[in-house]
Amino acid sequence: MGRRVVVIGGGVAGMEAAGQLARRGCNVTVFEKETETGGHVKNWFHLFPDRKDSRDVLRYLGNKINHNNITLFTGIAVEGIRPSNGSFSVFTGDGNEITADAVVVATGFDLFRSEKKEEYGYGIYENVITSADLERMFRKDQIRMHDGSIPGKIGLVHCVGSRDEKAGNLYCSKLCCVTAVKQAMEIAEHLEDAKVFCFYMDMRMGGAMYEELYREAQENYGIGFIRGKVSEVAQNIDNKLIVKVEDTLTGRPLKMEIDLLVLMAGMEMSEGGKKIAQSAGLDTGENRFFKPADLHFASNESNIKGVFYAGTCTMPMNITEAISHARAAAADVMDYLDKQKN
Amino acid sequence: MQFDPFVIPFNIGLYFILIYAVVRSVRWFSNLSRPDKLRLQRGFFGSAFGRSLKEIFMESLIHRKILKANFRLGYMHMSLAFGWFLLILFGTIEADIFGTRHLNPPYKAIFFKFFNPDHGRTGFEAVYSFLMDLILAFILSGLILAVIKRFSSKVVGMKKTTKLKLPDKIALTSLWLIFPSRLIAESLTSGVYGTGSFLTGSLGSVLASFLPANQLAYPFWWLYSLSLGTFFLLLPVTRYMHIPTELFLIFARNSGIRTGDQSGAFTEIQTYSCSSCGICIDACQLNFSTGITNIQSAYLMKGIRNNEDVNDIAFNCLMCGRCDRYCPVGIELTPIRMIRRRAESVEPPEKSLWSRYFPDLIKIVNTRSNGHPAFSWLPQIKTEATEVLYYAGCMTHLTPAIKKAMIRILDASGMNYRFLDEAGGVCCGRPLMLAGKDKEARELINFNSGLIRDSGARILVTSCPICYKVFRESYYLEVELMHHTQFIKMLIDEDMLRLRFLRKKVVYHAPCDLGRGSGIYDEPKDVLRHVARLQPTGFDDDDSLCCGGSLGNTRISYRQKNKIAADAASALTKGNPEILATACPLCKKTFTTVTDTRVADIAEIVAEAIAPNPPELKKHVVKELYREPADMI
Amino acid sequence: MDKFGFTLVKGRRIDYDSNDRSIAEYVSAHEPSFRICIECGCCSAACTTGNFTQFSLREIQILLKRGENDGVRDKIKKCMLCGKCTLVCPRGVNTRNVILLIQEAFRKNIKNAV
Amino acid sequence: MIEEGKKRVWSDYQKEIPDDHYFYVRSCIRQSFFPGSEQFFLRFMRDILGKDFFENPSHTTCTGIGYHADVVPFQTIQTVVARHFALMKESGYKNIAISCVTSFGIYTEIIETWKHFPQELEKVREFLYKATGREFDVPENMAHTSDIIYKFRDEIAAKAKNLLINKKTGEPLNIVEHIGCHYAKMFPKYGVGGAEFPRVLSGMIEAWGGKVIDYPERRHCCGFGFRQYLVQANRGYSLSNTIKKFSSMQPYKPDMVLTNCPGCTMLMDKWQYTMKEMENVVYGENGESIPVLTYEELAGLVLGYNPWDLGLQYHMVQSEPLLRKLGIEYDPDDKYKTSDGRQMPIPENMINV
């Protein structure tokens, strides 16, 4: 056949890459370890910066993957890849093996496990939640404290598990800042009387319309921004969270009572990706993400010819970038398959 | 004895307003400062009296300025004022000539037709009736315009008109009723008697043909008298108070009285002289660029008159002086606004009817203050002796090109100079004054005055019109003060600066504080003509626009300022000049962000035009010519 | 009290919840651009007063937003209102009005007025 | 507070605590401030549990206080600690039990230094050999004595005569646990339960029936801070920290404070007197101050030892209110008597009497 491609991962990048390859006549098999495709996007409510409903993106991707050339397996994880005679054997968790002419790794990311920042007490203080938990609350239109009451003061902690040697991640996850701003505005919309604060180290609003969103949050939503990374969280006798931070702009430590604290968990190499990297001998970088063959002109290529990367398995990306990256991966795959043929 | 009860309302009104006008005038006079009293006395017996009469005739009756600015609006005002004046004048003559006897009480003239219904059938009488009808028609034509203006101000060429309060509305209604009721009353009477000229006669015969004119005429004479009486009685508590006040104002102004920087009787007279004509609204860039239409000087005057909290109005102003320039009454609006800025916001007191007729004197108390001592930190600076002292000003430090150009010019002039605020200076004080903080400004003024005095300089040059204005008005300096455009002009005239002609098309934007604020229009243009091709813009001299960057307005947002700047810049660059020249660092900085045309200070253009190697200049100057000051930004 | 040869050192910590932020709220209500400061410090760098003395509008506004009003009360009087800060502010904060409002709020002794 | 979450953290910081055969090193200041504590510990370990704890009389201070006060250089303190290891080696022990948290911190810091900078270890071997002719091995295991009590907390609970329950109300006592900063904040893996949610003392309190108080400033330093406390003029900083800590725990109405660090015990005990004198504040209920006990003292009370034998009377804040709550019988007349019954002088300015 010569045009059999396995896509590992049915998130944004996997779905986009599969759709592109299928349209170009490849026979694509997609493995998604969870029971549903869509990756992290399906857990999200609205997307920055335009507050698009995440379901719009899922609908687009769903249409892409709904193609005759695509075979989708959900609930099945890929355990390893082995090259054999110019093609690849892909081993799945349920003990099967499938042959492919090219492989697209789109294993995505895992959210940083916020429990690892012990000082924030995630999993210990009831009212410390993560950005993902908050998105679920948005979807239900119920932003509540653990006891069911409505929070009056909400804090968002940037850089949880990012830019933090102690958390093992030196890199910036780059999307948490804008996520925090978006979530802060959404909280302000859901709860009219709530005061919302962002605790940030730097505001890294590098994307299109991000800075504008930040300004809007200040100007029209009255979000408070406090520059300083939260150092520790405690609980007082009224079950309020006590947040300690240095307000680096006044140069003084600051203490604030907070009802609900949201940790903006960073992005990490996924566990599934790590397993594949190990078994297949794919290179990973210091940041543990897959290491592209070149950061400038071969960001989709791996150290194994015929194995390609798409999306956030290589670095933190937003949806736009993940989709573009997946398209580029599809182009690289087509290029590779054409060369193999000749 | 010719008398009828219906004249009573008119008589009450008339005698009331005459007595009232005398009382108010006496009160104002007694509240003038001693020098102003002397001025007024001297004016009354001097040439000012004649000038005032002429001005009253030209402005209060003919409304020459409004006519020039806006013919339809001027006609409206003229027909009402001048027409009414003629009606009274000729009515009195009519009553005197054709009445039963000479020297009649005023009501005889006003209601002449009622008492002489048979009058005007033939001959001279008929001609006179024709004249009277003509005057009435003249007034009514203006009245129609006024009514239309009230409902659609665009008809008279106005974009906005002022909003009214209840007494104003009643007075307005009665004013509007005066002439139609006179028309109908006279017509009905004429109809019954078959008299009257083209207007009253014709209308009268038509009305009498189908109406019981005999019974209807009397109520309309009542209405006429009541309208007049009501109008006169309400006049002191409405904006129509401006009619008698303006007469006083014209006398006072012609006698040499000015607003100054203190509130007092003259401020009050000016405040009451505002007719709320709304011309200031049309002139205001905040109106036509940003759509803000509730802060213009007419509203400020009204607010001050009514003792309202005008704090927001007072500060929402660019202080560009355009309204002063266009005010037909010649009220010094911007100085009054400056005075008002020094007062805190006040709670408007409950006002009784009595206090509305006899209000407290407008005394704006200077309460806005930082508290003392605000500027104890002012640095210890020693100035060195010099001939020319150059003070760039705060804003100029943000436009280093101007600074650099001035240094180049100063170097080229060969004059002995010092750069007073080279390492950053102390503010001139005008921004504080614009914020109503005169006491604090005085501290800075004293400080800077000391520095300037110590330098022993003969000439003080500044690049910033804001500084220039305050140096001129509020500093007491024994030095020749020059804006750099004046200084450059002097250098050119004295042949101390040789310049090339640049062959560039330039337009000149006159900065508010330099032009309208300080009266410097010619020197900048002369300098520009010397080095480039200066073109007119339609917004020249005192018609100049504000750049929008003004420190005067603390209320509008950056985006609103930007809108004003963009509108002004596009108006100024309509003729596609190569350079939009200005003479103010703030104007330059403001315009630069909103136009693609190159914006340059005159100093920069002149520096560019300095002849590269002038053989006439002294040797040491040539050597210095290309010296770059080390600490230039 | 110096009974033991030393005195209690007052904490430097900002106790956000017990601080009074009425002044900042007053300014913010009357001049909304007060909210959009991003603490870049341009105003303080250009400041004519800051050239000679410790005066930083950036610091002043952040102290007020945290309710540390005492540190501002006297400092705010030092401003000469020259307006350079307004011109350099990248966000278009109406800095002069901010300063005037702060002065006004202190003068009026604003407390929970908004 | 989700207890499950804490247990998950504790499971990440499980520390191996040997069962037996320890080389015991004492604290400098505990021997004078709370002499009953170490005495009780050794007696309990040896006599009741039958464990082997060896003490070498020629062991010295670790010089930690000097080190943290910038008067003892790092190489010196390394050599002093190395000498202790040499003594341990000479006695044939591999596990070290450290009574003092400052020392514990010093030992962990030095051992971690040697791990990351082996050349330092070689240098220290040379220093020690040149100075004393001794050689040493790095201990195989290092435990703070609170770790050891923690390990045997259930044995103690099984033998308990007094549980940490208010006898009158039947409610568990509210107990503040305070862990010395140098126990685990520098190297969380050396502490039972890590640095953020340490388990070592809370485990004891819960095992013995008390209720642990988690208050906002739980992690805060007691204020000792070495340089801050040791220089008289600096004590204002130290005191304001202590005040911050006590004000934070006050709303929980603690019945006592349990600490595992000599400096903390001393400071939190004695400074309640200072705070009362300087600021006129007490933080306990009914105008009383809060007794501050060591874990050995508390273990002793649980096991039914005589409070005066445990040395509670040598504290600044007297423990009688606590003893009454626990329902422990004591003879006030015996409080200041020697073991042979002679009356000692009675101190002035005691608190809670």
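We just call them A, B, C and D in the order they show up, numbering each chain from 1.
What we mean here is this: a contact is a pair of C-beta atoms (placed from the backbone, for glycine too) under 8 Å apart; a residue touches a chain by one contact, two chains touch by 3 or more.
All values derive from a computational prediction rather than experimental measurement.
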{"item": "Contact-richer chain pair [C-D vs A-C]", "value": "A-C"}
{"item": "Closest chain to the centre of mass proxy, which here is the mean CA position", "value": "C"}
{"item": "Chain centre separation in whole Å, for subunit B relative to subunit A (CA means)", "value": "64"}
{"item": "Euclidean distance of C-alpha centroids - subunit C vs subunit D, Å", "value": "46"}
{"item": "Geometric centre distance via CA averages, subunit D-subunit B, whole Å", "value": "84"}
{"item": "For subunit A paired with subunit C, centre-to-centre distance based on mean C-alpha positions, whole Å", "value": "39"}
{"item": "Residues within subunit A bordering two or more other chains", "value": "none"}
{"item": "In subunit C, residues with contacts to at least two other chains", "value": "33"}
{"item": "Chains grouped in pairs wherever the two touch, ordered by label", "value": "A-C, A-D, B-C, C-D"}
{"item": "Residue ranges of subunit B in contact with subunit C within the complex", "value": "370-371, 374-375, 377-379, 394-395, 397-398, 423-427, 429, 431-432, 434-435, 437, 444, 549, 551, 554-559, 586, 589"}
{"item": "Touching residues on subunit D, where the partner in the complex is subunit A", "value": "1-2, 4-6, 8-9, 194-197, 214-219, 248, 251-252"}
{"item": "In the complex, subunit C residues that touch subunit A", "value": "12-17, 28, 32-33, 35-39, 58-59, 62-63, 65-66, 68, 91"}
{"item": "Of all residues in subunit A, those that touch subunit C in their complex", "value": "203, 215, 218-219, 222, 224, 227, 247, 249-250, 252-257"}
{"item": "Subunit B-touching residues of subunit C, taken from the complex the two chains share", "value": "33, 46, 48-49, 51-53, 77-78, 80-84, 86-89, 92-94, 96-97, 100, 103, 107"}
